[in-house]
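Structures given as structure tokens follow.
Same chain, two partners: chain A is paired with chain B first, then with chain C.
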Partner chain A sequence: MNSFDHFTPATLTEALSILAERNGNASIIAGGTDLLLRVKNHIVKPAAVLNVKRVPELRALSFDSNEGLRVGALTTLRDLTRSPLIRDCYPVLASAAGLMASEQIRSLATLGGNLCNASPSADLAPPLIALDAVACLVSLSSERQIPLAEFFTGPGRSVLQKGELLKEIIVPPPQGKTAYLKHSPRAFMDIAIVGAAVRIQQQGGKCQQARIVLGAVAPTPLRVRSGEESLEGQTLTSEVIRQAAKISAESCSPISDVRSAAWYRKRMVEVLVRRGIEATL
Partner chain B sequence: MTDALIGQRVPKLDAPSKAAGKTIYGHDVRLPSMLHGRILYSRYAHAKIIRMDTSRAEKLRGVKCVLTPKDNPPHRFGYGKDNKPFKDIARSLRDEIAGVVATDADIAEEALSLIEVDYELLPNIFSPREALSEGALLIHPEHKSNLFQRYNYSHGDLAQGESESAVVVEEKFLLPYVSHVCMETSVVVAQFDHRDHLTLWSTTQIPFLLQRDLSEALGIPGSNVRIIQTAVGGAFGRGLDIYPYEPIAALMSRKTGQPVRVAFSREEEFLAGPARQPAEVTVRAGAKADGTLTFRDASCMLDIGAYVSWGTVTPLVMMETTASLYQVPHARFTADCVYTNNLITGAMRGYGNPQSTFFIETLMDRLAEALKMDPVNFRIMNANVPNSETPQGLVITSCGLKECLEAVAASADSARMNVYPERSRRNEGGRLVLSEVEGMTVTANIKPSPFNLQPPHIKRGIGFASTLNVGGGARIYRSDGCGATVKVDDFGHVTLVTGSTEIGQGSETALAQIVAQTLGVKIENITVLNSDTDIKPWDVGVHASRTTFIAGNAAYLAAVDARNQIFETAAQLLGVGVDQLSASAGQVTVRDEAGKSISLEQVARRRHFKEGGKVILGEGWYDPPTQLVDKDTYKGNISAAYGFGAQMAEVEVDIETGKVRVLRLACANDVGHAINPMAVEGQIEGGAQMGLGYALTEELIVKDGKVLNPDLLDYRLFTSADMPIIETRIIETDDPGGPFGAKGVGEMGGTPTAAAIANAIYDAVGVRMTQLPMTPERVLAALDEKEKRARV
Partner chain C sequence: MKTLITLNINGDAREIYIDARRSLLDILRDELALMGAHRGCDSGDCGACTVIVNGQPVTSCMMLAADWNGAEILTVEGMAKDGQLHPIQRALVEKGGIQCGFCTPGFVMNIKALLDENPKPTEAEARAWLAGNLCRCTGYAKIIEAVMSVAEESA
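This part shows the complex of A and B:
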């Protein structure tokens, strides 16, 4: 019943002009696997829909050993699971994407959509934050880069301003090993009850740098700095690992909902963080 | 009979058209000038409608009319005669209070939001206990009590059973709401013609009872109602009752004078469709030191929701498992079916049996443990046996329970030895590769890791459970019959018209095999018609795993009748006696006289084409030699045969997360004789998929009468990626009453699954799960509890 204007720009400038013209009141559609559900359920009633799938500037996928990875917003989850580049340099992104949805959905769903939808349980956010990824946001008048860790502001909310879109993600060259573990009742086609990404960089038998990032336990993906600090400079004995896992569980205060009770989410944080660290050793 | 079609792996006749997307389902039906109806449900679980203003909705462009309780005919309908199309007192959040007809469904939907309703709130009752408490508000005042029905069964002497017991175990169980989740949501198209006759395109399982129900609901003669059944995209018991949306569609059509379609959204299906009754159950059971069972005592409280359905009869089946699965000398079973302001409940595959088998077989395991006996041997020594009668009055003819248990015990041995079957055992329906992620191939079968590579937090276990299920119909209506006719035309083509209903279970194919075998023709020469009450003879409906047995017998009788007519003419033409003839390969041949034969089509033509000629039209009516249970004692032989089965589940439990992975499910079923082994396997595998979901993931979470997870994300079905290796074994016992020895199998596949898994979990980690589904959270809580107890 709701009719809306539909645009299919062919260039980034064209897309940004339409966004500016509409003063931000246009819904960007990429794969549509999040947006269309919300339209159907009358959660959003867009006056205009901007299909960005033809915009070539959003399709970057390149690697440079100094600058790292540039991966465009339109990269599909299927691309992430298949790209030799991703699989060689950032295998955690390929495996995280492989845990999402189903083959059919992965062929449509995009990286940009997963991040901009800003669901607390979005599976790509924790591993990307653990990799110190940076988001490139563009509007007609400006282009800015901000750490992905600062991108999310609440469930369904991000720092994206009116007229702005996510162009690509930049991931620094891989340092150490990264793991992402997802806990969900079903093997596939399920949402994370808890997601945990861990990156550990070791030198001389000691942990030099650590990242612990949790999904689905807070309004936004949660970086557990106290847990990271408890690891850095330490030899990663099982005692040290257990301690970091415990700190991680204590530092989050998840909610109880139909998917899980809060106590269970906390327990899973502890288990996943411990197993995640172990997986990087 | 040389060309043995019986026992062949015949692909389902309806499969190619379904695979090609050409089958006409209910959602595909479009009639000229068809309108669309949508239903407004109550905002409150218990409230009186004191004012309704429909004027804004009526003014919306495209809206044809709005219906309210004022449009109700004066009659009540439904199993408990407690329902009306539109309610002026809402008793649950799924109560229909108004409806809109419009030129498209979106307009109708928008119009719903323009209807203004003022409610006067009434106190809510969301728990059966509260509903039964002194002075509780009556949900249906005319019923005088919120207790709709109490089942009270017993045989033997419980006190004696207790006193003879060396071990006694007791447990409390909590069973959830689950939904059928048919791929096709509820849908109906209704049309009144100029004679005021109603035609309903429907996905019902009970076309002839629905005719009667609708005539009651609408106050028109049953002879004015015609039901046309479309292809059914899943039923599983959902279609066993009349639901308000059906008379509502009819009222909408009558008011507008045009055909009206009412189709549920997925969310509506979860909210307004029926669910399996949740129940609270307390069970005690005992055994002698030598392992002989002494007694069982089960009492259940079922929340049936705001309106009664045929689902309220499920305690009959729970009673049967309690009293008659294994030999139980003393037994008692009680069940209270209680009205509440919760969602409506209905019949669902297994009809009480998945519930009762879960609690009975869990206690069987506890008894075996208390006696320090092998769980399989303990079951075998108490197993039902052929040609026996249970104290409840079930007359057991063929019985392969022991063989089923032995078969799954063999699978348990390979599980213990860490041996796994070849992946694609067979190409038809063999396990598929689902996806490739990171070089790992993920198949529909879970791939178990070798024992020695298993991390210490993963524990393996195996568990067993059996099942007893009606396999020769179930008399819950005064007739359990089915009619059939078989016509042979002048091309030698055969048309079977059967009263029974195809709901995807493959009955068309099995019935075609029976008729083709009897007439000696190829399966390609058979057409099965089964979808129009104006054409087909009566049948009580598709439920209780009854179609192959009952409709199979009826089809067989009709085919024999047709064959007699064929032989009569052929004997004259060939100048031999009728008893010398046999039918095969489309020919009637004279036995012992090679070369002397006549084709079926020739016989047909010679019989038809003359003055005083006759058609070849056989008829059959089969109503099994069974009884309605006695209304006071609940005893009686409800079915002409009983099916048996056993399952073995092999599981892995992650003791840190509580997550249970089923690695293997071995299923052995006594089906009498497999008319079509491929279809039998399909029924068992499909049943297992539902049983796995019931055991581990499926639950409608209901709070204050409201479903909190009405979608396929948070209502978790088992997907192909979660499916374990399923080993199906068919045990054949050739039942004397079944067509070609067959018994029913439609429901057994999922019945023992939850119990087998619960017992396997116990074997793995030593906790007894007594609440379904056994989610990771519940398993972990049980493990915590066990640890706490160990510390004290």
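This part shows the complex of A and C:
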């Protein structure tokens, strides 16, 4: 491991000043469960490591029935599984977090790290995108909000600019029902080979709004708009559901790797989207 | 880069100069000679390095010690009291939940975290909680038996 400077800023301004000074050559460390692996394997060689765990501005956790949920980047997966607020208003986030890693890793790993690491298989991305979440990004000179659906640009890449960090996620008040299904060879401690989040809002027996978001089957989490459109305005019969599942499987572009063959991923997308829609009825 | 940190380990405050690259597991083993937390994978997968930090079970190989200045740390060395094994340790011995022993300190600490939060887990809850601890010897059944017997005793 190369040697690096280590900083523990106490405020957001201090953290952003160090980031700006280092001009992109500082790695933010939150839980460290993704970063440290890459540092240990010499994939990342940071000149400086910025421990943001003492920055209070990254710890929001509040709900307002008009604005929705504000959840800070430092919220751990353990917090997501235990918070009464999350469990009551956004149970899909508690259950998705509970499907990740192990109890020990969940005590360390953060929401912000899961998103900023930008792995195509990141388990929190599909359910948050299905909930129409918005990312709040801050730098010394600006603060901007972008839909989480537009945050990811490729494996390991996002719209985060040098000097910028993810402050928090805003999730609109919950509408309809959301489900997240994860398929992996092992029941615990495994990365998804397919993840599928579905949100369905019904009115008068018809689907009013639908979201279908897939993980691990494209370079970024993937929103399947054509599948969503095939559901909207319809009565959700098994035929309509099966059609949306089929469109979803056709829309993704999975790779074959050590975890799974591409054709199997596609087949499982169809199964998980169907089950996901059924789970929201 | 060297930094001075304080770690409260098993009730003792220890001030140490550390290299910022070192993991908490490195510091426990190499600087403090606490060899209970074991290094299996060094990548968060096996749980052999599990300790309890600020009340939560964590894989100490995946933590930079420098990030955790001021933390309260409980390791397996802090479990036995007055020469008496902790009930979790005793149950693992009595039920045959320990063979080579490599995984055991990690299991002891994660079982403690489980029972602190949920003193009467179901077998399914215990298995799910311990999913991040690997054991190559016992086949897990005896470890789960030990957990259930401690939960029973405390009733």
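By our rule, the second predicted complex is superposed on the first by the 280 of 281 C-alpha atoms of A that agree within 3 Å, B and C clash if a C-alpha of one lies under 4 Å from a C-alpha of the other, contacts with A are read in each partner's own complex, and residues count from 1 in each chain.
Simple rule for what comes next: contacts are C-beta pairs under 8 Å (C-beta built on N, C-alpha and C of every residue); 3 or more make two chains touch, one makes a residue touch a chain.
Values in this document were obtained by computation on a predicted structure and should not be read as measured data.
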Between chain B (first) and chain C (second), which, if any, makes contact with A:188: first, second, both or neither?
both
Which superposed partner A:173 touches (first chain B, second chain C, both, neither)
neither
Should A:219 be classified as contacting the first partner (chain B), the second (chain C), both, or neither?
neither
Give one of first, second, both or neither to describe whether A:49 is in contact with chain B, with chain C, with both, or with none.
second
Go through the superposed model and pick first if A:29 touches only chain B, second if only chain C, both, or neither.
second
Scan A:103 for contacts with chain B and chain C and give back first, second, both or neither.
both
Touching partner for A:260 - first (chain B), second (chain C), both, neither:
first
Intersection of chain A interface sets (partners chain B, chain C):
1, 102-103, 187-189
Chain A to chain B touching residues, read off their complex:
1, 81, 87, 91, 94-95, 98-99, 102-103, 183, 185-191, 258-261, 264, 267-268, 271
In their shared complex, at which residues does chain C touch chain A?
1, 3, 19-21, 23, 42-45, 47, 50, 53, 56-59, 62-64, 66-67, 69, 110, 113-114, 128-133
Residue numbers of chain B touching chain A in their complex, please.
106-107, 109-110, 434-435, 437-438, 442, 446, 656-657, 659, 696-697, 701, 708-709, 713-714, 716, 718-719, 721-722, 775-777, 780
If you look only at chain A, which of its residues touch chain C in the complex?
1, 3-6, 8, 29, 31-33, 36-37, 40, 49, 51, 53, 78, 101-105, 107-108, 187-189
